[in-house]
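Going in written order, the chains are labelled A, B, C, D, E and F, and every chain counts its residues from 1.
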Amino acid sequence: MSITEQRPIVSKLEKQEIYRLLAEGKRVDGRSLLQYRNLDVQLDYIEKAEGSALVELGNTKILAAVKVGVALPFADTPNEGILIVNAELVPLASPVFEPGPPSEESISLARYVDRSIRESKAVDLSSLCIIPGRSVYSLYIDLYILDYDGNLIDASVIASVNALGTTKLPKYSVEGQNIKKLDEYFKLELKDLPVSITYAFFGDKYLVDPCLNEEYASDFTISMTVKSDDRFCAIQKNGGGMISPRGFLELLDKSITLGKELRRVAYSKIAVNG
Amino acid sequence: MSITEQRPIVSKLEKQEIYRLLAEGKRVDGRSLLQYRNLDVQLDYIEKAEGSALVELGNTKILAAVKVGVALPFADTPNEGILIVNAELVPLASPVFEPGPPSEESISLARYVDRSIRESKAVDLSSLCIIPGRSVYSLYIDLYILDYDGNLIDASVIASVNALGTTKLPKYSVEGQNIKKLDEYFKLELKDLPVSITYAFFGDKYLVDPCLNEEYASDFTISMTVKSDDRFCAIQKNGGGMISPRGFLELLDKSITLGKELRRVAYSKIAVNG
Amino acid sequence: MSITEQRPIVSKLEKQEIYRLLAEGKRVDGRSLLQYRNLDVQLDYIEKAEGSALVELGNTKILAAVKVGVALPFADTPNEGILIVNAELVPLASPVFEPGPPSEESISLARYVDRSIRESKAVDLSSLCIIPGRSVYSLYIDLYILDYDGNLIDASVIASVNALGTTKLPKYSVEGQNIKKLDEYFKLELKDLPVSITYAFFGDKYLVDPCLNEEYASDFTISMTVKSDDRFCAIQKNGGGMISPRGFLELLDKSITLGKELRRVAYSKIAVNG
Amino acid sequence: MNEKISLFKENGKRIDDRAPDELRPIKIKVGVLSNAQGSAYIEQGKNKILAAVYGPKEALPKHISLPDRCILRCRYHMAPFSTPERKSPAPSRREIELSMIIRNALESLVMTSLFPRTVIDIFIEVLQADGGTRCAGLTAAVLALADAGIPLRGLTAACAVGKADGKVIVDLNDLEDKYGEADMPIAYNPTLDGITLLQMDGIMSKEEIEQALSLAITATQKIHKIQVEALKDRFSVTKREV
Amino acid sequence: MNEKISLFKENGKRIDDRAPDELRPIKIKVGVLSNAQGSAYIEQGKNKILAAVYGPKEALPKHISLPDRCILRCRYHMAPFSTPERKSPAPSRREIELSMIIRNALESLVMTSLFPRTVIDIFIEVLQADGGTRCAGLTAAVLALADAGIPLRGLTAACAVGKADGKVIVDLNDLEDKYGEADMPIAYNPTLDGITLLQMDGIMSKEEIEQALSLAITATQKIHKIQVEALKDRFSVTKREV
Amino acid sequence: MNEKISLFKENGKRIDDRAPDELRPIKIKVGVLSNAQGSAYIEQGKNKILAAVYGPKEALPKHISLPDRCILRCRYHMAPFSTPERKSPAPSRREIELSMIIRNALESLVMTSLFPRTVIDIFIEVLQADGGTRCAGLTAAVLALADAGIPLRGLTAACAVGKADGKVIVDLNDLEDKYGEADMPIAYNPTLDGITLLQMDGIMSKEEIEQALSLAITATQKIHKIQVEALKDRFSVTKREV
């Protein structure tokens, strides 16, 4: 059962302040409406994982790591590698995260990131086949939210793509139906650099990259993932409220522009091929 | 832990009324004591399942569907197909059904239906073997309670048998130890048409096919499944209270008589062989 | 989440009495500080298990049974049998045990017993290989706590080792990569007879083999498992409080002495080889 | 996945003979269950979906309640036999996400402030799935709410739009969902001119999204009319019964 | 399953040398655990079963309590080592059903209205299983209740009857349960002439059921006597201890 | 397991070039998270571990609270990517045991009687594991408690000692843990001269345990100094910020 969430109360004063500033095109932390917070990316944070990145977007801090394995392919895609995204909202990150099985928030976050990567074809899954129908690479992307100050979606997409961009896969030699792990590695090629742009709405006003208080005070958010070719590969409205069709269409152009900019900043440390 | 159930309170007045009428051999909905409610059977309700039936017994509405698969047989029955019965008391059917893992009621219901089908040998499991010890058909009967107005057991047996009676199985060709699905189907043969007769007891009085209020007001129920040859293949007393040995024996003849009648009405739409 | 336990309140009077007696070197049940309760061992209590023992240590009653199976070995130990220890604190043993998944107490108990057996090499796992990398014996030791009056650890180690000492394994003949169960059995050889000695601490005083009230009244316990050659193979402090390094070292000699004695009493009914 | 399957015929029709902007046949019936306060049944193509509403009722345990409005609980669930392969009845990650997405779409529709400290339960059971189940389920759930007499801000209808074989299409069936290029489920409230549910996966350009959105609005307006008819039927039946 | 195994010897005796109407050896001891308010241990054939009772005690959380009587909680559980193959300790569907069936049989036995708002916990642990565990477990649970000093409407004893190789038999062992034609567990209270537990699976005609029921009543009356003896033993031991 | 791997080089150094009594490089930072009341990060060898503290706060539901002191809740958890093979995020039996063992070590450190009826939550997340994680995690958790301003009876530092290739060593790395003869994690509070956590597995003689304990006390005293420095750094940073 999905149940109406009980948001921590943002003090009336704080909320009023957010709205008052918004009316003037300003924000509590001094940013402009369409400005992202400071972004810091640290690659290969977990040396023992095949790929990893620690991303800080303001005070939001997310660690993404990629574990590579070998698995049986799914029956309907015998020639494709397996990609799984999992997100853990660990309780040390926030008083609202609780230990236990994945919450609907963490499931929805993981599934959005999964779609952003899978649909953008950032990873060419057909290049991850070792023996068709029998042995393929499996990439497990684990997102670990370490500090929570809003906009998990955009930060998670950035962390995941950076982690993939650092991923090295072991080579295998094939002998008949058996494979043997070699002591050589190859770099995973990224075919696209998707970025997600998240808007928080307050009545008919909106801003990007909401911090936690802005998220709590907002009516709803809309996230859009843009590919390198300016096409879209994932969109999701989260939370109640409604948006007019015209209001929605307006975001498409904005997202293309903001996406270009964010992509440049977010992926400056990883190379792209393909 | 099984825990004393908290039955929704049937108003004192309603309960008194049930007892008062019972003393006169009457019931709240005008039926006689040994009369079933109106029964409606709709076959092949779920076109995408291999077999299905929607059964309405008064306001009780149950959908049974059969999914056919191929599985490894159990180690101790290498030549037999697999039959599994599952019952879902979905929360849209009643305010007393809750989402979550199967309750003891749903488990007990599924197990009673399983016994009724398995012990009556309505399905010849040995005819469902493709390669002994390796590949057998698996029949998954899912019972979906959609509207709950008492007597789930009898309605579930009827729904399951009707669903089985409409079931078509894909043919497989065997090549050595491998099988290949063909584009041909064959009809599952039913070897018996078991029906369950459920009695609700009020002191030393009883009636059949209790509606929900009668069920709540009663001391306990007894269900008996009768085969086409008038022998019994499943019996179960549900709920507290006690019955005298003589009182119990009295039910056997009644069940044989009622069973004949119900079988005729319940299975008029499916053919029987064997 | 591990959470500060809510110990049943030992009445103030009882606690005072335990401390008062302790100051005089005495105990509530008349034992001396380093004296174990009466120990009774009954072998082969569960005829249908491959090995079993019922142990009573005062009012603490524990049944250990060994089930033998054949399994795939773990990938990193292809030539070794599998040993698994599980402990059930069944609710009939105590009002503080609840039905449900294993509690941290039962997990910690099972893991301590596992370490005591595994590290002492009482069972030579490499003798339990049938076909390397393919078929090995699996020994499942289930500990069933039937009555709970303190010191589960020592009683569980004694019950497990006795159960192993009675264990008979079916022989298998190997034909290529397949095995066939024969109607012959062989006795599991024990290579060591580990015993655990548990101390309960009250300030700087301590006693061995605490009964339940002593356990509840104590600050913490320390358990030490001693091998037949007087070396240690498992130690664990349980509960809050702290012990001085000197206080801890003092226990080592005591455990060696007490261990010899307890080993003699505890394992008098099973033979040892190797 | 995404192997080359042609989703359009030579005559420009889709595999089930529809035009790109053509809805599948829709059949809706309101008030189909006896225990639920409100209920509705929808068939859209081969989709068969039931929705039921219980409440408003006291929210228990109390700590889940809100002092100023009622809360919603929503479960979107697929029957084990609703899909080609039998589905475990335990909720999948997808079902958990869709339960949330549908609840979100209903939050602004229900006049929640009329019923403080209460809860409304919304159950959607997919009996047979044929693409677009979250949208058809939402369309039915809105009617179940109306049937339960819960005050709503208009009616919301939902429909997926998307892209297949390079063409923008409406109301994707199972195959178009699986083998097409994009799927964009949308819920739209014509009374308030508001989109309450919006997801997209697959690849679409800005222009394609604009075109798809326009198709979606037309489609949901059509479904909205069918919703109104179904409510009228329910109402007239009640009258007849009285 | 049901492969042809002969369950009768040439001399008309069953595979364990019993006559068709002969019980297995039964050993019962009451008051075997130190922590439980009441307890009993039963051996019937190779069955080894413990039962324990805690309560009546305050029912928590309060919403499970009843204002006019005490509620029962019952767990029938099999030890992992009780069966030929190791059984997972998590409760199986069978154990969940039997916990309910046994609780149902005890509901009318306990004078529940004496203890409103309380709960009585009944735990049955099957240490070794040899056919007929639900009946032997219930026989022991009744004694554990008596041992706990809980007022009962008489004693209930339970025993399975059934059919093997075409003959109606009493107190089925493991093999007769597995390879026989029918199994009918029955609990009977001779004081009240009432059947409190009754299940059947397998195939029996009306006449066979009549015959089996008659065997069951005789058998449970015998077990009832053993129950009474076991209670007396417990009582006299207590006296001796005093 | 325990196959012959040499853990010492010919020059008497360990495989990572340390002397038997030499700690791995340790880096500690206090106050690294923005939401937690207190937090700390530790690197010890390749271990990377975060600890965070929330509370004291009201203990809910009330029945878990204690009238005379605060209770502790502790979760030791390993990230799925922290180990060579991906680990399921569900807590393993090992993690459940270590959560308890670490909580036990903190019970006597926190002045719990100052905060009756409250709860303090302690979270330890192992981001990368390299042997000795429970000790390093505890070392960090103590600092997170101090960072949260919770009154403590001194600081506790923890370190494993053990035996490899017949030699007693300190601060075992992953390989020494896996292929060595014994592992003995110890937490020691030098202020109170008290051991608060002590486990051992593997085989050691009495003399070896004595020697190992002596190494552990020296090691934890060194770590204690690093803890104090880290707290000073945190304090001076705060001052600078003010």
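In this text, contacts are C-beta pairs under 8 Å (C-beta built on N, C-alpha and C of every residue); 3 or more make two chains touch, one makes a residue touch a chain.
This is a predicted model, so every value here is computed, not measured.
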**Item:** Each chain counted as touching subunit A and subunit F at once
**Value:** none
**Request:** Note down the smallest number of touching-chain steps it takes to go from subunit C to subunit D.
**Result:** 3
**Message:** With a step meaning a move to a chain it touches, how many steps does the shortest path from subunit D to subunit E take?
**Reply:** 2
**Prompt:** For subunit B, which other chain has the most distant CA centre?
**Reply:** F
**Prompt:** Which of the two pairs, B-D or A-D, is linked by more C-beta contacts?
**Reply:** A-D
**Request:** Average the CA atoms of each chain to get its centre, and name the chain whose centre is farthest from that of subunit D.
**Result:** C
**Item:** Centre-to-centre distance between subunit C and subunit A (centres being mean Cα positions), rounded to whole Å
**Value:** 48
**Message:** Taking the mean of the CA coordinates per chain, how far is subunit C from subunit E in Å?
**Reply:** 32
**Fill in**
Cα centre of subunit B to Cα centre of subunit E, whole Å, reads 27
**Request:** Could you list which residues of subunit A touch at least two other chains?
**Result:** 1, 99
**Prompt:** On subunit D, where are the residues touching two or more other chains?
**Reply:** 75, 121
**Prompt:** So how do the chains connect up here, line, ring, star, complete, or something else (other)?
**Reply:** ring
**Message:** Once the touching pairs are worked out, the chains link into a ring; list them from subunit A, going toward subunit D first.
**Reply:** A, D, B, E, C, F
**Prompt:** Which part of subunit A faces subunit D closely enough to touch in the complex?
**Reply:** 1-4, 6, 76-77, 80, 102, 104, 107-108, 110-111, 115, 119-120, 220, 222, 227, 230-245, 248-249, 252-253, 256
**Item:** Residue numbers on subunit D that touch subunit A, as the complex places them
**Value:** 1, 64, 66, 71-75, 93-94, 96-97, 99-104, 107-108, 121, 184, 188-189, 192-206, 209-210, 213, 217
**Request:** Spell out the residues on subunit D that touch subunit B in their complex, using ranges where they run on.
**Result:** 33-36, 39, 46, 48, 50-52, 54, 75, 77, 79-86, 89-90, 121, 123, 125, 127-130
**Item:** Contacting residues of subunit C [partner subunit E, same complex]
**Value:** 45-49, 52, 59, 61, 63, 65-67, 69, 86, 88, 90-95, 99, 101, 140, 142, 144, 146-149
